[in-house]
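Across the two complexes that follow, chain A remains constant while its partner is chain B and subsequently chain C.
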Partner chain A sequence: MSAVLADMPETVAPATTKAIAPSRGQRPWTFYVLATLFAFYVLALYGPMFCIYILSFQDIRGGLVFPMKGTSLHWFVDLFTQVRTGDVKGSFDRSIKLAIIVTAITVVVSFLAGLGFRRRFRGDTVVFYMMIGSLVAPGLVLGLGTGLLFQALGLNASWYTSALGAQLSWTLPFGVLVMFAVMSRFNQVWEEAAYDLGASRWQSIRLVMIPVLAPGLVAVALFGFTLSYDEFARSLQTAGSLNTLPLEIWSMTLNVTSPSLYALGTVTTIVSFIVIGASLGSIVLIQKKRGSSTKG
Partner chain B sequence: MKSDRGDIELAGVCKSFDGVTNVVDGVNLKIADGAYCCFIGPSGCGKTTILRMIAGHEDPSAGEIVIGGQNVVGLAPVQRRTAMMFQSYALFPHLTVRENIAFALRVRGMSKADRLRAADAMIEKVRLTQFADRLPAQLSGGQQQRVALARAAITEPRVLLLDEPLSALDEQLRVQMRQELRRMQQELGITFIHVTHTQLEAIALADLVVVMEQGKIKQAGAARDVYAHPHDRYVAEFMGGQNVLSGRVEKVNGSSFTLAQAAPDGIEVPLQRRPSVSVGDKVDIAVRRDDVALVRPGRELPPGCTNSLPSRVLAIEYQGYFVKVMLDTVPDDAFVAYVPEKTFFADPFTVGDVVLATWATGSALPLA
Partner chain C sequence: MQSSQTLSRANLAGWLYVSPLVLVLVPFFVAPILVVLAASFFATDGFGGLTPDFTLASYIDVLHSALTLKLYLATIKFTVLTWIFTLIIGFFVAYFLVFHVRNQLLAIGLFLLCTVPFWTSNIIRMISWIPLLGKEGLINQALLALGMIRQPLEVLLFSDLAVVIAYVHQLTIFMIVPIFNSMARIDKKLIEAAIDAGASRFDIMRLIVVPMSKSGIALGTIFVVSIVMGDFFVVKVMSGGGSASVVSAFYEDVGVLQYPTAAASAVLLTLALVAIVSLILRTVDIRQEITR
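Up next is the complex of A and B:
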């Protein structure tokens, strides 16, 4: 470094403006502006959520607004015991089950679509835009249409039929798009090498493609799960008589006036974080395993 | 009919991807069992396509590929008993060195203990024992190449196909790995087919050098043959080390002919290898750059030299053991002399000097 400086001709003009020039120890003023902006962003993003979390820990006197009245887990107990708060446990069960089914279908179909789209085929752009089309379509309208169609066909709308279909119209295109990004990092020559070494098509998918793409597949799964778990618009007209969790929360906002509503928000957030943590953990685990194991 | 021989015969092999132009255009070639064969040519000349057709990753549009007396067109690589080493090695990123090498045995259904034992033996052969549990990303380029070599060799192929195996390495490592490839080839005793665009690599390694241009073989022969006796202008220029001059034949006299050129009396060329030359023909000749001697005007020419071309020195490059002197001897083509370092510095030239370029008359080579 010093050698470089020593070699620098003296004619080079010193920096006259401080803002962008590399500073010696002191930060430029732009740092403070951007840091403040970021702080406001974080506050706006997490502040409202933290209000909910904090208010959910009030005791029995608690109301819907600040100030906080005592601390207890009363409203969490209330949430799962009181009938007047609605069928929280049942809807939570349904939402989790539905999200798992949606995730499984999304991962499998996206992976296969990713395989298919590696090569160009007749009508590939049409297929692609039809898929994107269902992303752009307004969810509420799509849900309404699905509900109507089921009615016209004389089928009962329920969370595991019509709602599943409506949610897939949302998660599949997302999953496929993510899969495209994941696939672009797969070097086709690996497949060729597997073939060269005598692997069958199925062996090269099982032993090479899936393990190499595993972190990406986890990402697709995470996407599918979270999109389904908090899906509202498409499920509204398609879930039938039994609500999913977002629908249940929505109906609670209309008729429940106790902090158990907030307790529900806290619980669902915790579930979301567990799912995200598990996904990221599994990605880390996959990568760690590659570093150490010699499994066959 | 199963044979362990790795001799290869290409008969009228063509390949077209679009049905219009042939990327490989009627190639005929015999490669002996256990030979080290290098395909060389500029990118897009079809050399990699030939390799991939021999490997079974591409089917020829026409022609036959015979390995060990058996036509292998349509067979999978494993059935052909060929193995390919890919350009960027294509090591499986999620598998350790040991697992990468054991992969071929794994897909054959060999038990875990057996295949890991076999892999370890191969790892020892390529001297990677201490890296056996590493992932490809944790290896250097040279180590990756050895893994790729071991992974291909464990299938016990009779032909190993290498697609530009050294292009991903830096200069020093390239020379080192070149020797290692040759050593492995001799150790395994199988046919190696190596695709490259580096002349030095080809002539350093190969028993058989195949020079290609636009899907056709221009010349195939021993390294020294191809380098010292190029068949035509293309091969001479591609392999390098030659000055190519062209001109019209002025007169033919017995064992030599005279080429009209910048020299006052024309250039005298011996009539070897090209018996039929008549006056008026346009002929290319090659003169090795290290055969060219530079003499100051007025001095006596070295013995055996009858041609002398007055030239001006355009540029001088010091190359260590020789000095590269670029001259304006002929108007259209480059003319270069490789002067031994000691000779050059005994009486150094500078840019702009006028010199006479000369060479032993018998060393000029008429080209087809």
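Up next is the complex of A and C:
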């Protein structure tokens, strides 16, 4: 016990100060090489996307490539008013709702599964490989299977039943695997300390684990949201008659060759920036709160 | 007696925790796979109707087709190329963020900077290469202006090159996240100790960083390989119809209602994927990460 206590400052310190910087002083030459690589990576990541954001603000003469022809919001108006671009508003609405539902379920189920997998239990390997299977199975194949299954059972496929399930079969394995990584950084001593102090299982989860793991849970939520919001292959055969946004975009790529498509890219990215801003904000808030309570 | 009782209680608690996961995976993973498996043995009337006969005709068709080998070779080519590029870029980006960025908030900020584009639609991200790679795109315009080429390069878009570019663009994050995670867990004191003991930069990389990031690399590999092998729309759009993979052929089969053939080829692909993933899981025990 005393050994555990003596260890405490050592084990607690990284969690609060979390020194990612390896050392002080002069930067080695590798820093500059890797910084350049990183800069190129970010440039390649954002460059193409910024091209389409810029091109989405062209006027009515606009085309799919540079040079830019005028500036206006024409294609944004076109996106939400033209019939030929499809039901963008409705599918956007559905995708956001679906992503929120998927995120909530993914966080809760992944967290619980993460707790369960910390200890061996009979049949755990079966569940584990079922999850890995769900992850690696080609989405289109699973989607077709789900679609055929609903057909055979006489159920109607829709975005909030079959597509929800199909998306969960995709987001949950990711969520649980991220949870594995998060859990492995969790020091079990804290949980044992909670039990020693007379906490119930629920209390130790609510008062110790969730607060400590909060940043990791936000990461799981981010994963859940992105994967659902972008999900295409598994939804294709399962969404029923009403499209989600990626399905709408897919059909747009086949019959719309105007900057409307780019305007849609710009709009979805704005949503993403809002979501990621909120996530980053909440992580910072959690860390700040933790910092002040450690001091106080 | 005591131990067997605690064992069964642990079993019960374990199952209780994973039961929500099982309740999703059974109807939406196990059942659909069984449906596809069943469909692969059915006969078809050619119009999407399935007759519940037991026949191996679809498998024989798939295995005898010269196209099958071609599709698998193309799929393997895309998978290997994408894996190599995402691994190299992902590893060094994660390494940079963990070991070179000294401010943690900045590291998280830069990390999120890498993830932001992945919040937009895959398809939109793919299409965003058109203004760059296209025949009248920026790269061709720049090369023409510099006088490096006389004709616009047509190989940039709607080619295998474009397919690999789109994959790497989309999937590097799936390497960065798990590798970043495992690298962030490496105790910096270990590296300082190695430096003090006279280890070179290369030794630290070879003996500490790579072995300790193994689980992250394995996870990233599983993500990337399974996504590329299961993909159809990047191949379909970015190759301009010039290339096909196993799943894009499946997509065409489903389009013309050839369910049994499609199902048989899907079953074979799934078996191949299972083999690859279990091989990866054999070299690196991801479960050990949490159960030790």
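Note that in this section the second predicted complex is superposed on the first by the 248 of 296 C-alpha atoms of A that agree within 3 Å, B and C clash if a C-alpha of one lies under 4 Å from a C-alpha of the other, contacts with A are read in each partner's own complex, and residues count from 1 in each chain.
FYI, contacts are C-beta pairs under 8 Å (C-beta built on N, C-alpha and C of every residue); 3 or more make two chains touch, one makes a residue touch a chain.
Keep in mind that what you see is a predicted model, and the values were worked out from it rather than measured.
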**Asked** Between chain B (first) and chain C (second), which, if any, makes contact with A:Leu73: first, second, both or neither?
**Response** neither
**Fill in**
Of the two partners chain B and chain C, more of chain A gets touched by chain C
**Message:** Let me test your reading of the model: by the given contact rule, A:Gly265 touches which partner, first (chain B), second (chain C), both or neither?
**Reply:** second
**Message:** After the superposition on A, what does A:Val189 contact: first (chain B), second (chain C), both or neither?
**Reply:** first
**Asked** Taking the superposition as given, does A:Gly198 touch the first partner, chain B, the second, chain C, both, or neither?
**Response** first
**Request:** Return first, second, both or neither, reflecting whether A:Val212 touches chain B, chain C, both chains, or no partner chain.
**Result:** first
**Prompt:** What residues on chain C touch chain A, complex-wise?
**Reply:** 10-11, 13-18, 20-22, 24-25, 27-36, 39, 89, 92-93, 95-105, 107-110, 112-125, 127-132, 134, 136-138, 141, 169, 172, 177-178, 181-182, 184-185, 187-188, 191-192, 201, 216, 219, 222-223, 225-226, 229-233, 237, 247, 250-251, 254, 259, 262-263, 266, 269-270, 273-274, 277, 281, 286-287, 289-291
**List of chain A residues in touch with chain C within their complex** = 14, 18-23, 27-28, 30-31, 34-35, 37-38, 41-42, 44-49, 51-52, 55, 64-66, 105, 108-110, 112-124, 127-128, 130-146, 148-149, 152, 165-166, 168-169, 172, 174, 176-178, 180-181, 183-185, 222, 225-226, 229-230, 232-233, 237, 245-246, 249-250, 253, 261-262, 264-265, 268-269, 272-273, 275-276, 279-280, 283-284
**chain B contact footprint on chain A (complex, rising order)** = 187, 189-190, 192-200, 203, 207-208, 211-212, 214, 290-292, 294, 296
**Asked** In the complex of these two chains, what residues of chain B are touching chain A?
**Response** 55-57, 76-78, 83-84, 86-88, 90-96, 98-99, 103-104, 106-108, 112, 115-116, 133, 135, 151-152, 155
